[in-house]
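Two complexes follow with subunit A in common, the first pairing it with subunit B and the second with subunit C.
On to the complex of A and B.
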């Protein structure tokens, strides 16, 4: 099978799901299981090496590249979509309540189909090597997310989050296309693979180029949640349905960083532009780290806390991008997927059972369901970066390359303070679970899907914490 | 008749972009904000067409890459409006308002 067909298969599968949704009766959450099963097949296809006999067709070569990094990000996209779909199945009670208002789940069917289209967009983004294909695939993802964020139309929070995401997302689209226009004007082409060559010559306009790059940085800063475009994150994360929040926080961020690395890498590699871009990236990283960690300390809502923590993680990742250590960034994103999804699975369960995202809802979880509390403890420890978890290696590699590349001491000290602050607010949840008395001491039931997924995620976090080599091998 | 140069096109599109951005920041009505966002996209399209027209390739024709991207921008903008207006309508049904000042239920 030719490598470029996999996205077309994904889109086709999404259309088939929509048809199934339209023409069958019965429990809509089963579509989520069908979608997850189909995506698992696509995941297996991704792990098979592409045959050398049938390469990408010539007309597509400019827009599409199939390399190891692209595959890694496609695997991240597919795995996170599968996890989102599984989480949605266990979340269907809340979805039903806020779409039709009663027990009728007939309006929730599309919720299980839309992530598949977003997944196709994320996969195209991973392979895109031209500003045109980057723009189109980015918009496929963003527009799908507009619908999914505002999906619970009888919930004011979800609608408000949808409108905020819509306005700020469209604003970042405006910056992105305007930035693309200026880069195109400066370089004379939208093909990123030619940029290194053009930069080596002198037939381009330096000021046009830097203006374009600044606009692109603003636009992608929105996608990854970096200062100064981070303001939407807490509100949208809090209002959106929990599975979609997890999707935004992992897949959308990973794709944003990949696009950032694709566009920026030729400019960071060239001596003429690297200094100014690197300075801007490091300032953004420092501001993002400070904002995310300081604002997270005072949060009492767990979903908002995860939102600020996602901003803080974006800061570390930007530091990795600025030092051009793309392997560490990819590793960080891979380990981030495991621990963030573990946290969100627990949160989605608490939300369905307790109808609350507040930290108080976690009180006494250690007594009500010790296994669940243990899972969340491991996830929090990994997010904070405790050794022997995957999160530790992510931070370790980023710090290592920052020190080797001579990043200035002020940014390193901000980063160290951030790690310390992270320990405080992540362990606040652990404290609530073990040291506070529950409001309702009855034991909590653990649905079978959540249980299986949590076990796998825990094994992943601990296994890669001791032995990170498999992920690094995938990236070679 | 004198033909405008690249600089003039860039100034016009820059003005259009700034008006759009200013509107997004200042105005409080979501429909007006949405119109301003469309104006920003139009500014980007104009920039692309101008750069494309003045970027003449070896065979004497303009480089059509930029103009191809404009078609994608128009399509994406249409899709964005379709989804966006639907969200705004459902927000109006739930809250009876489309002013950003009154969207304050998410705080922390």
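On to the complex of A and C.
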């Protein structure tokens, strides 16, 4: 099978799911399980090496590259989609409540099909090597997200989030297209693989080029949640259905970073443009770190806290991009998937059981369900960057390359202060779980899917925390 | 062999969480650890070290070794661990958490001292901190939430600064192995030394970053207070000796005046604060902060002259002695609370009449902590003061270290004042309401106390038993 067919298969699978949804009655959340099973097959296909007999055809080659990094990001996309689908199944109670308003879940079927299309878009994005294909795949993802964010139509928060995401997303798309146009104007082609060569010559207009790159940085800053385009994140994350928030926070961010790295890596490698781009990236990183961490400190809502923490992590990742340490960035995103999903799974469960996202809803969880509390403790420790968890290595690699590349001391100080602030607000959750008395001391039930997923994620966080080599091997 | 020292408590802790009998497993594990440590130290061939690569680039290995200072710190850890699992009163129904956390802390501390790789040195210490925070927050006494939150924030902050320092140092040396640590370029030394002093200093409660310590020890469950004050706090000093002095001796020299001023803050300022304490546990907590000043004095002497041969043994001996004596004091303070129901010094009195054995042990530990000759702390403190003057010849003008040493000598008076006053008010004089019916320490509680007390005596009379490990 040719490598590029995998995205087509994914889209086809999504269409089949829509058909199943339209022609079956009964429990809609079953579709989520079917979709997760189908994506697991696609995941296995991704781990198999591409056959050497049938390369990507010529007409596709310019738009599509099948390399190890692209595969890594596809794996991230598929795994996070599977986890989103599984989380949605356990989240169906809340979904039903806010779509039709009664016990009838007939309006929730699409919710389990849409992530598959977003997944196809994310996979295309991972392989895209041309500004045009990047743009098309990015739009496939974004438009799917517009629908999913606003899916709980009887919930004002979800609708507000949808509108905000739509307007700001459209704005950022505008920036992106405009930026692509300027770069095309300056370079004469949209094929990124030719840029290194063109930059070596002098047949391009540098100020036009830099202006285009600035526009693109702004547009992608929106996707990854970097200052100055981060304002949508807290509201949209808080309003969106929890599985979609997790999806936005992991897969959408990972894809955003991959695109960012694909587009600017030739410019960062060239001496003529690297200085100015690097400066802008480092300033963005510093501002993002400060904003995300300082604003997270005062949050009392767990979902909003995770939103700010997601901004904060974008700051670390931008630092990694600026130092051109793409392996570290990819590693960070992989470990970020494990810990963020662990946190969101617990959050989705609490939301279903307690009907609240507030930190108070976590009070006394250590007594109500010690295993769940332990899982969230590990996830929070990993997000904070405690050693021997996967989260530590991500930060460690980024700091290491920042120090080695001579990033200026003010940014490093900001980053270290950010880590310290992170300890404060992540451990606040741990504190609530263990040190405060529960409102309702009855034991909490743990659904089987959430239980299995959490066990796997915990093992992943701890295993990669002691032995990070397997993820690094995937990136080679 | 060395890996077993970490794995025994770690596996026992996991086993306890999984349903093994808690107290029994903890005792067995800590006894086994003492045996393994004795064996590893007595036959150098079998303690040759252990290495397992976890990451190729950068090259990070889980490598363990037991030589010199780390041998002494490991002895301290296993002894205090055994005493800690015997000490304190576990609340009904929380045995799992109580004993498993104690063992987790012990495993982390032993791992940190055994590691010969900067990364695992740091990581094991963090591993030990998390159960410390949780235990104080969940099972602590008094204002536990406030105290636990304070220690969490302070130590997390300290660890981050420390990580920055370690990363910067290893970026220059290009390797994480202790054996590759060497003096880094002079231009970077001041920064690295500053980061390490602040980072390690916070973990050791160096003035003015000390305010987490006393309330945390006062509200911590007894084994946690013993392990943290006795063992974990030595991590920072150990780090300054084996990493700080090695990578940035010039930097340490640069900051010498500051170290001197701050350590006097520990000895004099915190000493005066200790005199003013009204509760036994807060007094002990503050006194442990105060005594860190003496060990910093040895480090200051070493910074002033890296060839000072007496400074390292002085620091290490005092670390060991202080670890044992403070653990004994915390253990006995919890017995006092169990027998009388209070730790307010004003509400105690005459305990020596109803509980003579307890009074004897407490007196012994108190005297040790003041620095009475014949007990381990005396040997350590005297060596520290000698180290302070080792580089000075009569007639020469005195340097920072010498002046600091002279002022620090007053600390001995201060500690005599608070310890003797507390002893007189709690154990002597007429019996009061709380102590009328107090029973004496019973056999089970005697075990940890005697282990620690005998260690204090033996090392006090024959310090070489500990210091011999430094020579090879």
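FYI, the second predicted complex is superposed on the first by the 476 of 476 C-alpha atoms of A that agree within 3 Å, B and C clash if a C-alpha of one lies under 4 Å from a C-alpha of the other, contacts with A are read in each partner's own complex, and residues count from 1 in each chain.
Throughout what follows, a residue touches a chain if its C-beta (ideal position, glycine included) is under 8 Å from a C-beta of that chain, and two chains touch if they have at least 3 such contacts.
Remember, predicted model here, so these are calculated numbers, not experimental data.
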item: Touching partner for A:394 - first (subunit B), second (subunit C), both, neither; value: neither
item: Greater subunit A contact set [subunit C / subunit B]; value: B
item: Touching partner for A:424 - first (subunit B), second (subunit C), both, neither; value: second
item: Partner chain in contact with A:434 - subunit B first, subunit C second, else both or neither; value: second
item: First, second, both or neither for A:171, with subunit B first and subunit C second; value: first
item: Residues of subunit A defined as touching subunit B within the complex; value: 131-132, 135-136, 139, 143, 146-147, 150, 153-154, 156-157, 159-164, 166-167, 170-171, 173-175, 177-178, 180-182, 184-185, 188-190, 234-235, 238-239, 299-301, 304
item: Subunit B to subunit A touching residues, read off their complex; value: 17, 20-21, 24, 30, 33-34, 37, 40-41, 43-45, 47-48, 50-52, 55, 63, 65-66, 68-69, 72-73, 76, 79-80, 83-84, 87-88, 90-91, 94-95, 100, 103, 105-106, 108
item: In the complex with subunit C, residue positions of subunit A that touch it; value: 366, 381, 384, 386-388, 392, 396, 399-400, 403-404, 412, 416, 419-420, 423-424, 427, 430-431, 434-435, 466-469, 472
item: Residue ranges of subunit C in contact with subunit A within the complex; value: 54-58, 119, 122-123, 126-127, 130, 133-134, 137-138, 144-145, 148-149, 152-153, 156-157, 160-161, 163-164, 167-168, 171
